[in-house]
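If you scroll down you'll find the structure; I have some questions about it.
Every chain is named by a letter (A, B, C and D) in the order it is written, and numbering of its residues begins at 1.
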Amino acid sequence: MTATQPNTTALSFECETGNYHTFCPISCVAWLYQKIEDSFFLVIGTKTCGYFLQNAMGVMIFAEPRYAMAELEEGDISAQLNDYEELKRLCLQVKRDRNPSVIVFIGTCTTEIIKMDLEGLAPRLEAELGIPIVVARANGLDYAFTQGEDTVLAAMANRCPSEAPAVKETTSEPGQGNAISRLLNFGRKQEEIVADESQYADHPPLVLFGSLPDPVVTQLTLELKKQGIKVSGWLPEKRFTELPVIEPGYYVSGVHPFLSRTATAMMRRRKCKLIGSPFPIGPDGTRAWIEKLCSVFNIEPKGLAEREAEIWASVEDYVKLVRGKSVFFMGDNLLEISLARFLARCGMTVLEIGIPYMDKRYQGAELALLEQTCHEKGTPLPKIVEKPDNHNQLQRILELEPDLVITGMAHANPLEARGIDTKWSVEFTFAQIQGFTNTRDLLELVTRPLRRNTHLKELGWDKLVKSEDAKRVTV
Amino acid sequence: MKLAYWMYAGPAHIGTLRIASSFKNVHAIMHAPIGDDYFNVMRSMLERERNFTPVTTSSVDRTVLARGSQEKVVDNITRKDAEVSPDLTVLTPTCTSSILQEDLENFVERAQLTARCDVMLADVNHYRVNELQAADRTLNQIVEFYIDKARKGGTLPTGKTERPSVNIIGITSLGFHNQHDCTELKRLMADLGIEVNQVIPEKASVHHLKDLPRAWFNLVPYREVGLMTARYLEAEFGMPFVDVTPMGVVETARCIRAIQQVLNASGAAVDYEDYIDNQTRYVSQAAWFSRSIDCQNLTGKKAVVFGDNTHAIAMTKILAREMGIRVAIAGTYCKYDADWFRTQVGEFCDEVLISDDNGAVADAIARAEPAAIFGTQMERHIGKRLNIPCGVIAAPIHVQNFPIGYKPFVGYEGTNQISDLVYNSFTLGMEDHLLEIFGGHDTKEVIHKSISADSDLNWTKDALAELNKVPGFVRGKVKRNTEKFARERQLSSITIELMYAAKEAVGA
Amino acid sequence: MTATQPNTTALSFECETGNYHTFCPISCVAWLYQKIEDSFFLVIGTKTCGYFLQNAMGVMIFAEPRYAMAELEEGDISAQLNDYEELKRLCLQVKRDRNPSVIVFIGTCTTEIIKMDLEGLAPRLEAELGIPIVVARANGLDYAFTQGEDTVLAAMANRCPSEAPAVKETTSEPGQGNAISRLLNFGRKQEEIVADESQYADHPPLVLFGSLPDPVVTQLTLELKKQGIKVSGWLPEKRFTELPVIEPGYYVSGVHPFLSRTATAMMRRRKCKLIGSPFPIGPDGTRAWIEKLCSVFNIEPKGLAEREAEIWASVEDYVKLVRGKSVFFMGDNLLEISLARFLARCGMTVLEIGIPYMDKRYQGAELALLEQTCHEKGTPLPKIVEKPDNHNQLQRILELEPDLVITGMAHANPLEARGIDTKWSVEFTFAQIQGFTNTRDLLELVTRPLRRNTHLKELGWDKLVKSEDAKRVTV
Amino acid sequence: MKLAYWMYAGPAHIGTLRIASSFKNVHAIMHAPIGDDYFNVMRSMLERERNFTPVTTSSVDRTVLARGSQEKVVDNITRKDAEVSPDLTVLTPTCTSSILQEDLENFVERAQLTARCDVMLADVNHYRVNELQAADRTLNQIVEFYIDKARKGGTLPTGKTERPSVNIIGITSLGFHNQHDCTELKRLMADLGIEVNQVIPEKASVHHLKDLPRAWFNLVPYREVGLMTARYLEAEFGMPFVDVTPMGVVETARCIRAIQQVLNASGAAVDYEDYIDNQTRYVSQAAWFSRSIDCQNLTGKKAVVFGDNTHAIAMTKILAREMGIRVAIAGTYCKYDADWFRTQVGEFCDEVLISDDNGAVADAIARAEPAAIFGTQMERHIGKRLNIPCGVIAAPIHVQNFPIGYKPFVGYEGTNQISDLVYNSFTLGMEDHLLEIFGGHDTKEVIHKSISADSDLNWTKDALAELNKVPGFVRGKVKRNTEKFARERQLSSITIELMYAAKEAVGA
């Protein structure tokens, strides 16, 4: 790609047919059951749902799975069987075999279509079985891939305690009036806590939402601590029983771009204040996120610009592989805007951002940063295509010949066979990409096809389909 | 509702799509919510398919639910017709969308008005049949459609090919080692002097289906997919078919003899006995492996077999009859065809297991304590937990079951591959056998949890020490048999003397 | 085979060319290093010796081997290097890396040919390094396969203490005058010892020799205990540091037929009394062995006949598979006479017993029992062929068509390919075959080819070589 | 003396016997003590050979030592001559008997007086060369013997075959996958329209050796065995040879191009470019595998390669060049040919290792901490200890390297087999890749002992807990890099903050 003139117009948004491939939102159980260690996820759907989890996720069979299908059979569909009794039978079995702290019902398209009243059944079951039951309608009629997590977290937000549990006063000390800090300090020695407290600025409680692997939680928490910002809790925590207290007026911030419903729930139902900002993806996004939090809490950020610059310097070897190249997002996991903004900052030209669903408000700050980044780098603004049409996209890809296509699993191999470098979008969903520390890992993923295919091209191995097949580019 | 952690056979629409996407230039429209479209991912990732999967989802969302899907489905059919000019478009719902009970037959008729291609609704009940049954049905439906069409058009050919010929029916996309099996079957047919008239559905053109009746007979290598089509062609044209799966030396010979009989009944005069003898004794290495010292060391070892009908039956027969291995349990998840399974394996195993509940299968394996398992990926994982090796012999498929190197299961090269699989699964060979004799250096503990857990007997310290000298891989068995012996005699304490008395009495 | 008239002539012995295949006697390290847990075996020989151990034994590479090659190189052969210094260097390395209680030098053909004075070097090295060094000349010039163990045990017999070490008298009790019993009772409670002692008859100390797996040691010890016979020690014990005390006048008995040099060493050098008897292989041999020990100690055997009968009854399912069939031993491990006697007792006709080396004195009782067994069973006496010629044997096998050939590994597959059922002789060397308890295992081995091949024959898979190859039967 | 636990190449007489027993109707007499005769066991058991190994031991015992062995050796030669009428009898001592310094050449002359067959003493120094060198030498010696004999007898043919033709030199008994390689090479030659004049020594008759010069060129697929013979034939008859090992897609193409050059130089006019392109892009699946998503996930992973020259060089090139895998160490035990190794792999790996000390190889692997190893059985065992998967790519051979199913390493099917081997060794695929992303359920501890053992640094409890969250298979690396980072900064305590600083700085 040759550099083109800066485009000064605003971002353009289009909407296509929605004929695109992505994973079903019930996928979220695959990472949420791992994150929340005392949970059990029960996906209430058909053989089709179960076979998806088995094949696409492929982890159901390992060790001791903490999720399962409640497979609907003909009798369930035709309403010959009683939903309450059936669910009770299965929940009892789960309780007996796994004894989780919570059962999460994952509704599916089928429960929507047969109008199974999960929200109505859950409280009765919860009361009868004595185990919390959370209902999330992670169905594919309304949601795409990663939004499954959004439905679960939005539902779980309502289960966060609204005030701190009473704490025995025997261990209480001056300066520890905030019950939450105590809650978060289990197992630490008293001296450490006092030492810790002194490092923080005095600011209203902040709760972060979004499921992240534990190391990333630690990294972001430490990053904020450097600025004197204390994270009072995460939604979700590692255990359902340790969900953070959320009181009205608390500040909240999401770490994923796909959590707009959770954000809404936090604001409308828990009366929290949402901090809108770019997401902590890439050094630029992470810096912008921290700066925004600082500004809300009236904290002067320390050394952030230097930190960002250091990180960029440390990954220059990777950045130079992508600089000046072009990238095309087919659209899959709602991380597209953040990734595009980061890659634009790396010097890539973003040709098109396909995205299943675009919440312009929740992603507002991110969109602004993307636009700003393109202006600063002098690259054209990308076209943003909501509900893309994969067939049309493939025609555009063949025409534009991007250096890298970030796409779902269904298209990666066929595109590679036609000499187009691809990266699975799903990998960004599962990899650790948040924060300063993971920049290298993020670029490792992005550059992998480029590093590999460069020398394969020297071998002349770029076109691996016969000419009659090469033409059949449709989905 | 059924609590399910794993399923052996996929939903019906997967079977339909496997058939549709196997054909050349057939497009499928899946009427389903957006997340149901993972067939494309499976085909692309598992089979490392270079081409785009010819399946388009006509997505069901809130808008469609509110307004009905007819317009969208018809639009999508006509759009793809214009874009890729398929010969045939197959419409299928999924479990989910089939609940909507829309008149899809009518959508198809509507679409047919504008589409240049043929349009068809796959006719399966998504709650009553599984992937395998749906594949069998859809193949039959497509064949019947084109035979009927040719008959109506007066283009049905008459007569047979000049030389003996065969249709190979049931080779499909995402089939377990089907591509390599197909190559091997073609080589076998070439050896036998039989022309391959057509292979269906893999890479076949629907336009040629009308020529199926020109073959002298049909060969159906797999029990699960193709039999309905073969029976239809038999009923319609009196075409004989051979449905002996040529897996293992004995069954391959039986298949060839069945072919011989069919050909000679049709006027040929072939004698394949010399060919069979030469392949069996000198070309294939499987019969020789069975006779060799390596395999002698497997004599009487215990195995569990589980899979689809085709592969579980074939492996059971090979293990029991060709290798002298004791099959403790032979099982299948093809519940709908359980009678056939029983008649086939009855005499070759101790116990038959018909189940699609993976928990029940795992329990049965743990109970049987076999030296090796031959099953699906599920059983491989059960084996990992129990520290029992497992050779994978059947679908559900997995990327590891699409090897790049040539690995057929059928025919004479198939017999070689299976011998390797059996040998490697038992991890014998001189090295491991001697290791076994020496007691081995392997200090892994393989006593299954349940064995120690439920023991109500006291082992003396000396007896426990003695038990620990028993090699790990048989320790569980020794412990169990000794305890059984003690209980039968109402003894509550196990001494060394009792251990050896038990060994003498029951071979513990 | 049809039953023939009883042959009343005595056993016939022949000697052939010695052109036969067997394993090198250095093989013994493979089982002796496992048996003696604090030992290290150093095989002093060439690449040829090392490659043999690696390939035929195949266990060298596992985990932490406690044996190795001292590989002789050109400089060693041409005597340019100093043997003492070279061995010292290697022993120091072994001592540093493994710290064994004893290093066993295994001499080979090469050390014989270059006349390396291992017996002369060992005491000096032992003194300098402070670690016992035992020298065994397990060479293939003088010995066959299992006789390797014989050379090691004969050498080790000289290292058994000639009197019990002084024991602290603080724990001494009345009735425990014999220091050996104390030595053997480490770790047992006092009451148990008293109880144990009361079960034994009063007889002179008995030491058994021959390396057996621990469970078999336990079984034979218990078997003798039932008759009131106490085993004072085994050569070897599990640890070199626990070698049994041997005083002049002790009784000794060998459990293997290949230990004639050890027997001689026990008699001539340690002044022990050797009890000559059949070996405890098979119920008949085990009974005869126990009876002989009893008779020496003037003990009336209790229930031995019943015990033997019970064992036979329990293995009748296996015995009936071999009864009336014929067996041919090509000769390999010196267990042949005992196995032939046992199989004759099972009702087999023994056609020929090849054997590498025949010590008619040490195996005298076994030979007599074989002869007696054949007479009793009305089967012809076998021909015993010492130093057999494999070519000639193969011609006889083709002519006699035995139902089972027990042979070395080199011939098993070719014989099977010609439709002749075989069993590796080497398996009997490694399997647990001694005592009553292991009868079933012994028959399991013997009958395995018969069980397997019976139905393979039904499949017509007996002749698997082409006719032009079938003729080339030579070695 | 050398303390040795394992050896990579066998003694010289094994090489000589592999050549002798490869030929049809050649008998070998081994002049050696009785225990040195295990070659027969190896051939019978490892290769599952159906025929008796044509090697007789003329045993050296005390009597022989006292009286000399001439009589016995000569007797044995003439006896076997009478019994089996070989075409040729090869006499060889072993390391042991060669010390006796008897005039074996004279024994051979004596035996030749009475024996009808040809008799020859294998001319190798048993202390200076190993199995591989001896095999190369013995093959050359036998070929030279029969060429000379024909020349003397005036029966040397003149001229070349009518159509382009080749001798394939170096296929031997007990060679690593040689039988399958030979089949694949024959198929390749057939594809190229080249007649196979002779394959030697496997199943060749010495009587036909005189016809070797009729071929247009010689193909030497393996560096270790055959090159001496090819050079001799080049010197003697000006026969060109191609010694590019056709392993991997790139080298197979290079081999074919070399053949093309040789043929065209001899007057043919062949152009194999279209063939190469078609095989590379569509027939072989290896190039496509390299490009596929499965292989993309291997990009930059670290491997160690160790083996003989042929296989270690080929694998290094394939991994580095065709799959984008980083070869941290490429090594060979062929010390005698180390220069060649260095020139071949230099640009494809970080480090070259030339050693026949398995302890040194194990240490190097532990240090490199690769994600996979490609080596011999020895490295497989090293990998077992370190919990690193290992694909076996080279001798010393093992029964598992004589698979019954078709598994060549050379040619286009070889490229497929190698792709499977690489893929399976890295145990990736969608399942494992996702497992890796998830952190996995696998709780195995894979930190190499030495890593924790020598640590002089304090890890805080929190940092240790954080370390334990790192997936097992990279935990060792993270720990080592973090500690290195701390030492460089003279910090003695490792906190979480330090851990992540290290990660940012050095990618720990």
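To be clear about the criterion, contacts are C-beta pairs under 8 Å (C-beta built on N, C-alpha and C of every residue); 3 or more make two chains touch, one makes a residue touch a chain.
Protein names from UniProt, one per chain: A, C = Light-independent protochlorophyllide reductase subunit N; B, D = Light-independent protochlorophyllide reductase subunit B.
This is a predicted model, so every value here is computed, not measured.
Set side by side, the interfaces B-C and A-B show unequal numbers of C-beta pairs in contact, with more at A-B. Between chain A and chain C, the centres computed from C-alpha atoms are 68 Å apart. Look at where the CA atoms of chain B average out and do the same for chain C: the two points lie 49 Å apart. Averaging C-alpha coordinates per chain places the centre of chain B 37 Å away from that of chain D. Within chain A, residues 62-63, 409, 412-413, 417, 464 each touch two or more of the remaining chains. Looking at chain D, one finds that residues 45-46, 48, 50, 288, 292-293, 430-431 touch two or more other chains.
Chain contacts here follow an irregular pattern that is not a line, a ring, a star or a complete set. Put simply, chain D touches chain C in their complex at residues 1-7, 10-11, 13-14, 32-38, 40-42, 44-46, 48-62, 65, 76, 80, 83-84, 94-96, 99-100, 127-128, 130, 377-378, 381, 385, 396. Residues of chain D touching chain B in their complex: 45-46, 48, 50, 285-286, 288-289, 292-294, 398-400, 403-407, 413, 416-417, 419-420, 423-424, 429-431.
Those residues of chain D whose C-beta lies close enough to touch chain A in the complex are 249-250, 280-282, 287-288, 290-293, 295-297, 299-300, 321-322, 324, 430-431, 434-435, 437-441, 466, 469-470, 496-497, 500, 503-505, 507. On the side of chain A, the complex with chain B involves touching residues 18-26, 44-52, 54-56, 60-63, 65, 68-74, 76-77, 81, 86-87, 89-90, 93-94, 108-110, 113-114, 139-142, 144-145, 391, 394, 408-414, 417, 464-465, 469, 472-475. Considering their complex, residues 30-31, 34, 57-59, 62-63, 213-215, 218-219, 222, 310-311, 314, 409, 412-413, 416-417, 422, 424, 427, 430-431, 436-437, 439-440, 444, 448-449, 451-453, 455-456, 459, 461-464, 466 of chain C touch chain B.
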